[in-house]
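One chain, subunit A, links the two complexes that follow: it is found with subunit B in the first and with subunit C in the second.
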Partner chain A sequence: MSDTPTIMPAAPNVLRTAMLPLTMALIGCAVLVALPWYASFATQRLLVEGFTVFAIAMAWNLLAGYGGLVVVGHQMFVGVGAYALFASSNWLGLNPWLCLPVAALVSALFSLISSVPMFRLSGAHFAVGTWVLAEMLHILTLNTSWLGAGAGMPLEALGDFDRWTRNAGVYWAALAVGLGALAIATTVLHGPLGLALMSVRDNEAAALASGVSVRRAKLSLWLISGTMTGLAGAVSYMNTLQVTPDATFSLNWTAIAIFTAVLGGIGTLEGPLVGTVLYFLLREVFADYGAWYLIGLGMLAIATMVVAPGGAWSLIARRWPIDLLGVRRSMPPL
Partner chain B sequence: MLIALETLIGGLMLGALYALFGLGLSLSLGVMRMINIAHGDLIVLGAYLCSVVMQMFGIGPFLSLMLVVPLMFVIGMLLQSLLLNRVVGQGTLSPLLLTFGLSIVLQNFLQETFSADTRSLQAGDIALRGFDLGGVSIGLLPLLSTVVSVIIFAGTSWLINGSHLGRQARAVADDPATARLVGVDDRNFYALITGFILAVIAMAAVLYGIRTPFAPTSGPERLLYSFEAVVLGGLGNIWGTFIGGVVIGVAQLFGAKISSGLGPFFGHLVFLVALLARPEGLFRRIQR
Partner chain C sequence: MLLELRHVSKRYGAMMVVPDLSLSVAEGDFVGVIGPNGAGKTTVFGLISGGLRCDAGAVVLGGLDVTALGADERCRAGIGRTFQIPHPFQGMTAYENALVAATFGAGLRGRQAQALARDAIERCGLEAAADILAARLTLLQRKRLELARAIATRPRLLLLDEVAGGLTDGEMNQLLQLVVSIHRSGVTVLWIEHLVHALVSAAGRLVVLADGRLLSDGDPGSVMQDRAVRETYLGSDIDEELTHAEH
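Here is the complex of A and B:
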C-alpha cells in the first residue's frame, strides 16, 4: 500500500500512454464500420468470411488452448447456429437480423445439453466423441424433411432487402461477431475464469487442490465457445444464403479453425488473429491449385506442429517481447 | 423373426470388419497413447494400393496383398519414425493435430491421384456367392471377412499376451522411460508397431474394398467406426475392441432396417448411450 503515492505523479503519463492505443482502436473501428460506403461487395463478403472464421477459430482456440478441450466436431456449433437462424426466420417470416439472438440462444442451449454426454469423455476420446456427435447431427438433418433434408434451406426473408442493405447488414453483423469474439475472449481471460482455466491447463491436480472448480470452468468455456461459434456460423451462412447438411456440418469448419489456430499459435489470444490473416493470404494466393493447395495447407500445419508448436505468434513474441492484449500474468513483485 | 435373425447375423459379420478397422487404432491408443486421426484415410489408401497392384499385375484382390501388406508395413514404419515419433508422448493435442493434418494431406493426395470417383475391388463371383442356412441367407464374403478378422484378432492377442514382443509392448505402454532403461528402444518399437498396424489395415482394406465402393473422402467415416469399436470395448482390451465393433455393426444394420438412411446414426447413438452408461467402455482394462 505504501507505494500508492509514488504512482500518483506518473498518472498523467499513464493516461497519455493509454490514450494512444484507445484512440487508434476507435479510429480503426470507425474505418471498419464505414466500410460498406467505400468498399466493393466482394471486399465486404471476403471480410464477412474473415470475421466469422476468426470468431470460430478463436472459440476453438479458447477450448483447446485454454480449456484443454480439443474439439474435432466443432462444425456442430456452426451447423446448429446456422440452422437455428434459417429455420426461425423462415418459419416465423421474421427479419433474419432479429433472429440472430435466437440462433445464439439455441446454440447456447445446444452447448448446455451436449455437455452432458461429452463431458463424460476426456482427452482423445472427448476429441473424437464430439466428432461423433457432429456426424449424428449431420445424418439427422440429412433425413429431416422439415429442415429441407439433403437440399437444405434458403434464407427467404433476405430477398426482401435490396443488395446494398443486405451486404452491408451482413457485413456489420460479421464485424460485431468478430470484434465481440475478441472482446469476450479478452474479458474472459482477464477475469477469474481465465485464471482458473490457465491454472487447470498448467496443472489440473494443483488447480483442484487450490479450490478451482475444474468442471464449472470447463462448462462455462464450453457454453461461451459454443454460442460464439453458433452465432458466427449463422452470420457466415447469411453470406451464402443457403444451408445444406453436407456443407454446414462439414469437417472443413473444424479444419479451418484448427489450421488458423495452429498456424497463428494455440493458447494465445493473438494466435487466431495472426492465423486468420495468414489463412486468407494463403487462400487468396494459392486456392486456384485446388487439391494441391489443401495438401500444402495440411503439410504446413504438420510442419508448424513439429518445428514451431507455438505457431507464428510464438516466433513473433520470441523476437519482440510484446503482449498485445495483456493476458499474460506475471508473479506480483515480492 | 427370420429377418431379424438375418439382420443380426449380417450385423455380426459387418461388425467383425469394423473390429478389424479398430484393431490398429486400439494398438496405437493402447501402446503409444496417441490417436491417429488419419487412421481411416490409411484404410482407404490401402484399398487404393490394392486396386493399383491389381491393375498392374492383372491379379485378384487377395493376391495383391502379397505386395500391399509389406508395402503398408514399410509406409507405417517410415511414418512413425520420420513424423509421429516427434509428437508421441506429448499429450493429446500434438499427435491429434499432426494426424489431422496428415488426414487432410492424404485425402487430397488420393483425390489428386485417383480423382473423386468411387471405385471398388473386383473379386469375381466370391463377392456374390452365398448359401442358405435354415432359411437365413449368408454371403460368402462377409463370412470370409469374419473368419479373417477373428484369426487376426487371435494372432494379435497372442502377440500381445504371449510373446516377447508383446511383453515389450506392454512395458512401453506402461512406462516408456523404464522400458528404455531395461533395453527397449521405444522409438524403434513404435515404428515396428505402426508398421504392424498398417499391415493389419491393408488386410482390412481389401475386405472393405470388395464389400463397399470407396472414394478418397471415405476415410473419416472409417475412423469413426474404428474409434467407436475401440472406445466401446475399453482401452487396452483387444477382444473388447472386437465386441465393440460387433455392437456397432449390429446397431447399424438394425438402424438401417428402421430407416434406410439412418444406419450409421443408430451406430453412433448406441455408442453414445453405451458410453453414458459406462464411460470406461463395456469391458474394463484387465488389471494385472
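Here is the complex of A and C:
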C-alpha cells in the first residue's frame, strides 16, 4: 500500500480551505489600509484609539493571562514609550514616525532595567510593586523640567505636516501596531516561549522539572509586552499631540487594559480583540452618562468575573466550536 | 560516579526528615529504593532533582557540584524525574506535555523535539491518548505521562517515584520491561517502589531508607536478608513480600 493515493486528493482541499481565510484577511487589510481615503478624521482617530488600546490590552493579557504577572502599573510602559517619542523627536527635530523605533527601543531598555527590581517580587507584592514604580515615574516626570514638568510636551514636528497626512500617518502607525500586536502575540504563543509559559501556568514545579527556565520565560514575556505597550503608547499620544505626566502615567491605562482583557477573556488570544470591540461599543453608546458610565463598566467587569470568568470569548467559544487563533499542537503523524 | 550525595540534610520546620545522608550511584546503575511510608524517599528525590534545596551538604552530578542549581538547570544537566502524585500540565494534551520536556529538558527544537516527544508518548503506551487534554486522562494514564515526560527530557539519571501504583500484573510487567529497556539504553535509574518483588527482579542494587537514614545498601538478595531491614518491615506488607521472596 502506498501513501500517495490518499495524499493526492487531499492536497487541493487543503489549498482551498487555506485560501478562503487568506483571501478574506487580505481584503480586510486592504479595506483598513485604504481607510484614510474614504473615512472621516473622527473615524480615523477612534480607530487609532481602538488599535492602540487593543495592543496595550493584549500586552497586559499576555503578562497576566500567560505569565501569571498581574501588572497594576501597566501605564509605566505607556508613559515611557510616549515620552521617549516626544523627547527624541523634539530634541533631534526629527520626523516623529522615524522616532517610533526609538520609542520601541527605549521601552525595551526600560523593560529590561525595570525587570531587575520587579522580578525580585512575586504575587501581590509584584502587582503593587509595578504600581509603585509607575507612580515613581509619574512623580519623576512631574519634576523634570527638561521633560516639560507638569505641563508636559507637545509633539512639535507634527506641525510640519498637513492635516490629512498627519491623521493618515498616525492611523497607519496605529494599524501597524494593532496588527503587529496580534501577529507577535500569535507567533510567541505558537513558539517555544508559548509552550514554556503555558507549562508554567499549569504547573510550575513540573515545568521546572521538565527543564523550563521559568525566570527566562517570564523575562522574555516582560520584554515583549513592555515594548509592545510602549510603542502603542507612543502612537496613541501622536493622536492627542501632547504628553502630560498626569494623563500619560495615569492608572486609567491599566484600568482600560484590565477591563478589556477581563471582558473579552484573560488568557486567550481572542479575548482582547473581543474586549476592545465591546469596550468601544459601550463607550460610544453610554459615555454621555458620565460617572454612571464608569460605575457601569466596573460593575460589568465584576459581573463578568463572577458569571463568566473566561470572558465574552469563552461564551462565544462554548456556543460555536471555533478555534481561530488556537495554539494546540497535535502529535504529528510519522 | 554519576551521582553523589555528600552529607545531605533536610528539615521541614522543626521536623528533621533527612539528618545526614551520603550516597553514590555509578553510571549505568539500576537502583531500587524502598522504605516505609514517610521514610523520606520522595524528599531525597527532591533534593537530587533540585525541587527541594538541601539545608546542608552537596549534590554532585557527573563530578559537577549542582547544589546551587535550580530544578530546571539540573533537568537540563541530565536529571529527569517523575512525581509521586502526577503533576501533568492540565491544560495541555499528553503529547504537548512531552513536547515541553523535549523542547526544554532535552533542548531540542522543531522536528527533533516533535520526534522525541512522540517517541516518549509511544513508548509509554499513550499514543491513543496523545491529543487528549491531560486533565481528562485517567490516573493510570497520568502515571504513564509522568514517565513519558521524564524520558522526553533525555535524562542521564532517571528518578522514578512510585510509577507502578495501581497497576495490574500484566501492566506491571509492561512497565518493568519499559524501564529495563530505558536502563539498557544507557540511562542510570533510581526507582522508588513499594512493590519490592518488582524492584528485586530488575534492580542490581537495593537501597533501604528509614527515617531519612540509609538502613541498608547492596545487592537485593543480601539487603533482604539484612536484620535491620527485616525489623523495620516486621508485620508490614513488605515483610510478607520479603518472606515470600525467600521461598
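Operating definition for what follows: the second predicted complex is superposed on the first by the 318 of 334 C-alpha atoms of A that agree within 3 Å, B and C clash if a C-alpha of one lies under 4 Å from a C-alpha of the other, contacts with A are read in each partner's own complex, and residues count from 1 in each chain.
As a working rule, contacts are C-beta pairs under 8 Å (C-beta built on N, C-alpha and C of every residue); 3 or more make two chains touch, one makes a residue touch a chain.
As the structure is a computational prediction, the values presented were derived from the model and not from experiment.
Trainee: Which of the two partners, first being subunit B and second being subunit C, lies in contact with A:V214: first, second, both, or neither?
Mentor: second
Trainee: Just subunit B (first), just subunit C (second), both, or neither: which does A:P192 touch?
Mentor: second
Trainee: After the superposition on A, what does A:L35 contact: first (subunit B), second (subunit C), both or neither?
Mentor: A:L35: touches no partner chain.
Trainee: Who does A:L46 touch here: subunit B (first), subunit C (second), both, or neither?
Mentor: Neither partner.
Trainee: Check whether A:A206 is in contact with subunit B, with subunit C, with both or with neither, and answer first, second, both or neither.
Mentor: Only subunit C is touched by A:A206; subunit B is not.
Trainee: Looking at A:W131, would you say it contacts subunit B, subunit C, both, or neither? Reply first, second, both or neither.
Mentor: Touch status of A:W131: first partner only.
Trainee: Check the contacts made with subunit A and report whether subunit B or subunit C touches more of its residues.
Mentor: When the residues of subunit A touched by each partner are counted, B comes out ahead.
Trainee: Which subunit B residues qualify as touching subunit A in the complex?
Mentor: Its residues touching subunit A are 29, 34-35, 37, 83, 86-87, 92-94, 96-98, 100-105, 108-109, 111-112, 220-221, 223-224, 227-228, 231, 259, 261-262, 264-265, 268-269, 271-272, 275-276, 279.
Trainee: Applying the document's contact rule, which stretches of subunit C touch subunit A when the two form their complex?
Mentor: Interface residues on subunit C, with respect to subunit A: 49-51, 70-73, 75-76, 80-81, 83, 87-93, 95-97, 99-101, 103-107, 109, 114, 117-118, 121, 127, 130-131, 149, 152-153.
Trainee: Name, in rising order, each residue of subunit A that touches subunit C in their complex.
Mentor: Listed in rising order, the residues are 192, 195-196, 198-199, 201-203, 205-214, 328-332, 334.
Trainee: What residues on subunit A touch subunit B, complex-wise?
Mentor: Per the touch definition, subunit A meets subunit B at residues 64, 68, 70, 72, 117, 120-121, 123-125, 127-129, 131-133, 135-136, 139-140, 142-143, 251, 255, 258, 262, 266, 290-292, 294-295, 297-299, 301-302, 305-306, 309.
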